[in-house]
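Please go over the structures that come below.
In the two assemblies presented below, chain A is common to both, partnered first by chain B and then by chain C.
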Partner chain A sequence: MSLGLELALRAVVIGAVSGVSCAILGCFLVLRRVSLLGDGISHGVLPGLVIGFLLGGKTNPVPLFVGAVTFGVLTAWLTQAVSSRGRMSEDAGLGIVFTALFAVGVLLISRLLRRVHFDADCVLYGSLGVTLDDTWPLLGLEVPRVLFTLVPTLLLVLLFVTLLWKELQLSSFDPALAEATGVSSTLMHYLLAAMVSWVTVASFEAVGSILVIALLIVPAATAQLLTERLRSMLLVSAVVAVVGAVVGVSWGRWLDVDYAGSVTVTLGGLFAVAVFTAPRHGVFSRLWSNFALSLRIASEDVLATLYRREERSGGTATWSYEECERVAGEGIVGRLAMHRCITQALVHRHPDGAIGLTDAGRDLGRSLVRSHRLWESYLDEHFELPPDHLHEPAERIEHYIGPELRERLAGELVRETDPHGRRIPDGEGDSEAEGDPEAKAERPSE
Partner chain B sequence: MNWLAPNTLFVLVGTSLLGACMGLVGAFAVLRRRALVGDALAHATLPGICLAYLAVGRRSFPALMLGALLSGLVGILVLVGLRRFTKVKDDAAVGIVLSVFFGAGVVLLSVVQRQGAASAAGLETFVLGTTAGILPEDGYWIGGTLLLCGAIVTTFLKEFEVVAFDSQFATVQGWPAARLDLLLMAMIAVTVVVGLPAVGPIMVAALLILPSVTARNWTERFGRLLLLSVVIGFFTGVAGTLVSTRYNLAAGPTVILSGTALWAVSLLVAPHGPVARSRRRRSLRSQPEDATTDGRLDG
Partner chain C sequence: MSPVGTPSAESRTHAAEIDDRGTGPAAILDVHDLTVAYQDRPVLWDFDLVVERPSLVGIVGPNGAGKSTMVKACLGLVPRASGEVTFFGRPLAKMRRRVGYVPQRESVDWDFPVTAFDTVLMGTYGELGWFRRPGRPQRERARECLDRVGMSEFASRQIGQLSGGQQQRVFLARALAQQADLYFMDEPMAGVDAATEQVVFDLLRSLRDEGRTVLVVHHDLRTVPDYFDDVVLLNTRLVASGPVGTTFTAENLRRAYGGRLDLLEIAADAVEAGERSR
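Up next is the complex of A and B:
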């Protein structure tokens, strides 16, 4: 194996290990809507790092971690205190606290550590790729030194989530219920802040601060778009982080660019894909369901109008295709709605081109008009609305009233006519869902 | 006064004018609950700076500024789009824009550095900022931005007030709320881009938030809040620069901490600060008849 490939493999492993730790914790940050706490903590821990470095030196990592976790929790606590006492939103409070702590850290570095090797750049703008040459041997393999902190960190994160699963879940989704059942969501918040500080510090040197922030937020936000359950959200976010590391390092190596940057961009790309194509919350599926809904409403409007027409004439009635299309709405939606009505055998076209209802279409039209008039009557009886304000809400809601609601409305009303004096059609259409077989036979050949 | 060298004067003028400008636009950011948008914007400028450098081929200040502004605006559009079209929450959207744009910038930066041009060195200081390096022309840029933002805010004061406090009401009343909102965000973007090379992202974040949050403790009225936050931003810059020169401290952190100190003092002594409020509440509780003579209940 060539040295270049081996270095790239090391980068993938480092990125994936710290990525999974960050992604799992990030899910809880995103769910609690405190994603930026990750950004804040990664800056707020700086004074803690400096103090830890002063106490322990470069060789002893324990004071570094103790200092960082202390200041990470301090960041979270001060943010809470400042925003609740100082009448400001949480993000403003966080902004004040982390910038001040970071400033203290920078001043400490410039006053106390000027001659010692302590590069703020190295800590905060460290980068995946800098630490790849630094290895310790283990079982005959050259293992990157940072993995000796990253792997235990990952295990700690998994232990944290497994042991406190119920508490984390409850306090993330329903803090009030959590408090009521004796789980302190405040305590969980600070425990989470402590874990985030730990992971942040463990990952700084290995992957750099900007990738840490990306790994905390982006996989979790991606997973939130794709899943509905917490367990699968954690799994998906971990997978996203690993895929990001593999793909990012691959093209980063190919183009010879900074790995931290290429992994971050890959994560952003995965998020963008999820934004557009997520099955339920994606932009595409939302556009599609909006379109399908407006198509249904347009064709239902045609059926209801035709039904009213038949009602007025007392027998069957026909209408020209153009008029129907005008009711369905101009443009592509109207035309598609008419097409839908014809292919589903809700209307049929007479030889002379006029449009009439089939039996199935008549049933649907009847139940729509029934919904409409029931709703008008209900509004009239229970709300003090002037008569000319009844039609519009009914016109909108008739498309959303199902058989069950229709019967409940009918049960509450004793009248047989709507406020405008027209008879409410009876509910025979509701019982026979299937259209008349004749209606299908009448499907016009196009 | 030997420490007030000409160079210090530039820094003093530049930082204080920047403080004033950020105080003004930051007030809107905080009111719209987008306090950390400045932080995200500051990071989102990096790809634009690198692309501008790659396109122009040398360190031309206006080109870099333009690139920074454009990529900042793209960042804002992504932010607004995520809010409008997805269920991604604001906090996550800000974090995503911040990190992904900066990551893209890091990638482009390594492309730029591979080209090995000497003038590419220190391109990242454009984003990370060096206060000591404020030049006279920076002062002009900052002063011009302050005048521009001041003029815009004075012209649209009433419109901005409605949008900042209740954008839904503004929409219902027929104001072009979305466009006004975008104008506000664009003002923030311009200010951030102008200030960034001088002070860096962390100080940008702090200076956008601190003045208006401090001013909030001194007044309850919108117009006075804006004016006060301009004044407070100005004095934060002055005090920070003077202290840092006097005691030979790094300028950026000192300015931030001066602002934090001003804010902390305001919490304790200002008439609408939490301490004054709780004292008033306590006195109301002990002497209920005073409630009518006082005329207004705070909180």
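Up next is the complex of A and C:
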């Protein structure tokens, strides 16, 4: 294995291990709507780091972590205090607190550590790539030194969410019920803040502060778009973090750029992909369901029009394909709607090219016209509208009325004709309409 | 004496004595001289309430009357400026498992990644204590409770994909899973369809028939006489409480809804400002 490849592999492992820790905690930050608390804490811990460094020096990491966790929790507490006492929103409070604490840290460095070698760059602006050469041997392997902190940190995070799973879930979802059942959601908030402080400090040196913040927020936000259960959200966020590390380091190495940058950009890209492809709220799925809806409406318009034509002629009636397509609408939607009617055997083409309804199509057409005229009658009865105000809304709403609503409308009305004097078709076709899975699926569930 | 009411001084002392000796049942809920302030401004004044036997209690009053505040203060969700609340004769901290709570539907984020079943299971968390996970008995009970509100088929649906009425039923199922003896429900019938309202009401009645007590913050005055045994009329202070028949009167309603007491407002302003009023 070439040295370059080995370094890249180390970067992937470091990025993935710190990424999974951050992503899991990040899920709770995102769900509690305090995403930027991670950002604030990652800056607010600086005075704690300086004090820890003064006490323990470079060799002893314990005071460093104690100091960082203390100041991380202090950041969270001061944010609450400033925003409630100062009567301002929490983001303003956070902005005040973390910049002030960070500045205190900078002052401490410039006053106390001028002559000591305190590598602020290393602690705060570490970078995935800088620490790769610094290894300790373990079982015959050259293991990057930072992993000796990052792996125990990951285990701590896993232990934290496993032990306090239901407390974290309940206090994030419903703080009031949590409090009422004796789980202090304030306590959970500070425990989370303490964990975030720990993880950010452990990750700083390895991956840099920008990537830490990205890892806290982006995988969690991505996972939230894609999942419907807390467990899967945590899993998916971890997967996103790992994929981000693998893909980001790969192209970062290829282009010879800073890995922290390439991983962060990759995470942003993954989020963008999720925005477009998310199953329920994604852009694509919305576009698709809008398209499917207009297709259904267009083909239903054809069936209703053909049904009315049959009604007028008193028997079966046919129409030219071009006329049908005009009803369905110009362009691709109209053509696809006709195709849909034919493949679903709602209409059939006679040998001479004319279009007529099949039995299934006639049933659907009848229930549409029934819905239309019932709705007109209902409006007429309750709204005192002039007659020319009735057709338009009914034309739109007929596509959304299901069997149950249709029969409830019919039940409320004691009339056989619509306001224009046309007979309301009876409901015998409804059993089929009910069985149409597509029509059912596209209706809102309640 | 009515099951709900403001006790006289003697009956209070008496009840306290019985309780201390442990020889008689204490009141289900005893709220004594409760005052609540938000940011120093009092919003509920000197509120008293005693519930002595299992009943359905409607809490009504105009917007801003402090109904939700009263409930939250009883449950320790907002700090009390003064007063004390006991449940079955003891403070909340010792009685949490016997007290259930259904918050307003708007108080939670319905996009949260949990299913209807997960949500109902949360009702069992209180009895488990820290660290322990729900096991088979809890899961079975959650399933039964979902069934009782007619939501079994939606068990694995993410809660944001339920209609408002269905969400409210899930919240109720979660309350059932708590197996409490005293429930506080904050507007469980707000914005729900007629079918759900009926389900909610039937449930409330069966809870009462099982010997439980339910205090319901309620908005719709028309249904008060049908739904509740007792009623508490509230407008930043207690206006009246007692059986619906004798308490839910035009006179009391006029007192509750006929505007707030101006002097209370002025006093509240003064307390908030920390200055003597003019």
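Here is the rule we use: the second predicted complex is superposed on the first by the 286 of 446 C-alpha atoms of A that agree within 3 Å, B and C clash if a C-alpha of one lies under 4 Å from a C-alpha of the other, contacts with A are read in each partner's own complex, and residues count from 1 in each chain.
Simple rule for what comes next: a residue touches a chain if its C-beta (ideal position, glycine included) is under 8 Å from a C-beta of that chain, and two chains touch if they have at least 3 such contacts.
Since the model is a prediction, treat every value here as computed from it, not as a measurement.
Visitor: Would you sort A:179 into first (chain B), second (chain C), both or neither based on which partner it touches?
Guide: In the superposition, A:179 contacts chain C only.
Visitor: Under the stated touch criterion, which partner chain does A:228 make contact with: chain B (first), chain C (second), both, or neither?
Guide: A:228: touches chain C, not chain B.
Visitor: After lining up the shared chain so the two structures overlap, which partner does A:170 touch, if you call chain B first and chain C second: first, second, both or neither?
Guide: After superposing on A, A:170 lies in contact with chain C but is clear of chain B.
Visitor: Once the shared chain is lined up, is A:218 touching chain B (first), chain C (second), both, or neither of them?
Guide: first
Visitor: Could you say whether A:103 touches chain B, chain C, both of them, or neither, answering first, second, both or neither?
Guide: first
Visitor: Just checking: does A:283 make contact with chain B only, chain C only, both, or neither of them? Give me first, second, both or neither.
Guide: Touch partner of A:283: chain B, not chain C.
Visitor: With both structures placed on chain A, which of the two partners, chain B or chain C, ends up touching more residues of chain A?
Guide: The partner making contact with more of chain A's residues is B.
Visitor: Could you pull out which residues of chain A sit against chain B in one structure and against chain C in the other?
Guide: 33, 87, 224.
Visitor: So in the complex, the part of chain A that touches chain C is made up of which residues?
Guide: Spelled out, the residues of chain A in touch with chain C are 31, 33, 87, 163-167, 169-170, 172-174, 176-177, 179-183, 224, 227-230, 232-233, 280, 445-446.
Visitor: Which of the residues in chain B end up touching chain A in this complex?
Guide: Chain B reaches chain A through residues 30, 33-36, 39, 43, 82, 85-89, 91-92, 94-96, 98-100, 102-111, 114, 202-203, 205-206, 208-210, 213, 216-217, 249-250, 252-254, 256-257, 260, 263, 267, 274.
Visitor: Note which residues of chain C are touching chain A in the complex, please.
Guide: Spelled out, the residues of chain C in touch with chain A are 39, 72, 75-77, 93, 96, 99, 101, 103, 107-109, 111-115, 118-119, 122, 125-126, 128, 130-131, 133-134, 158, 161, 163, 165-166, 174, 178.
Visitor: Please output the residues of chain A touching chain B within their complex, sorted ascending.
Guide: Interface residues on the chain A side: 30, 33-36, 38-39, 43, 85-89, 91-92, 94-96, 99-100, 102-104, 106-107, 110-111, 127, 210-211, 213-214, 216-218, 220-221, 224-225, 252, 255-258, 260-265, 267-268, 271, 275, 281, 283, 286.
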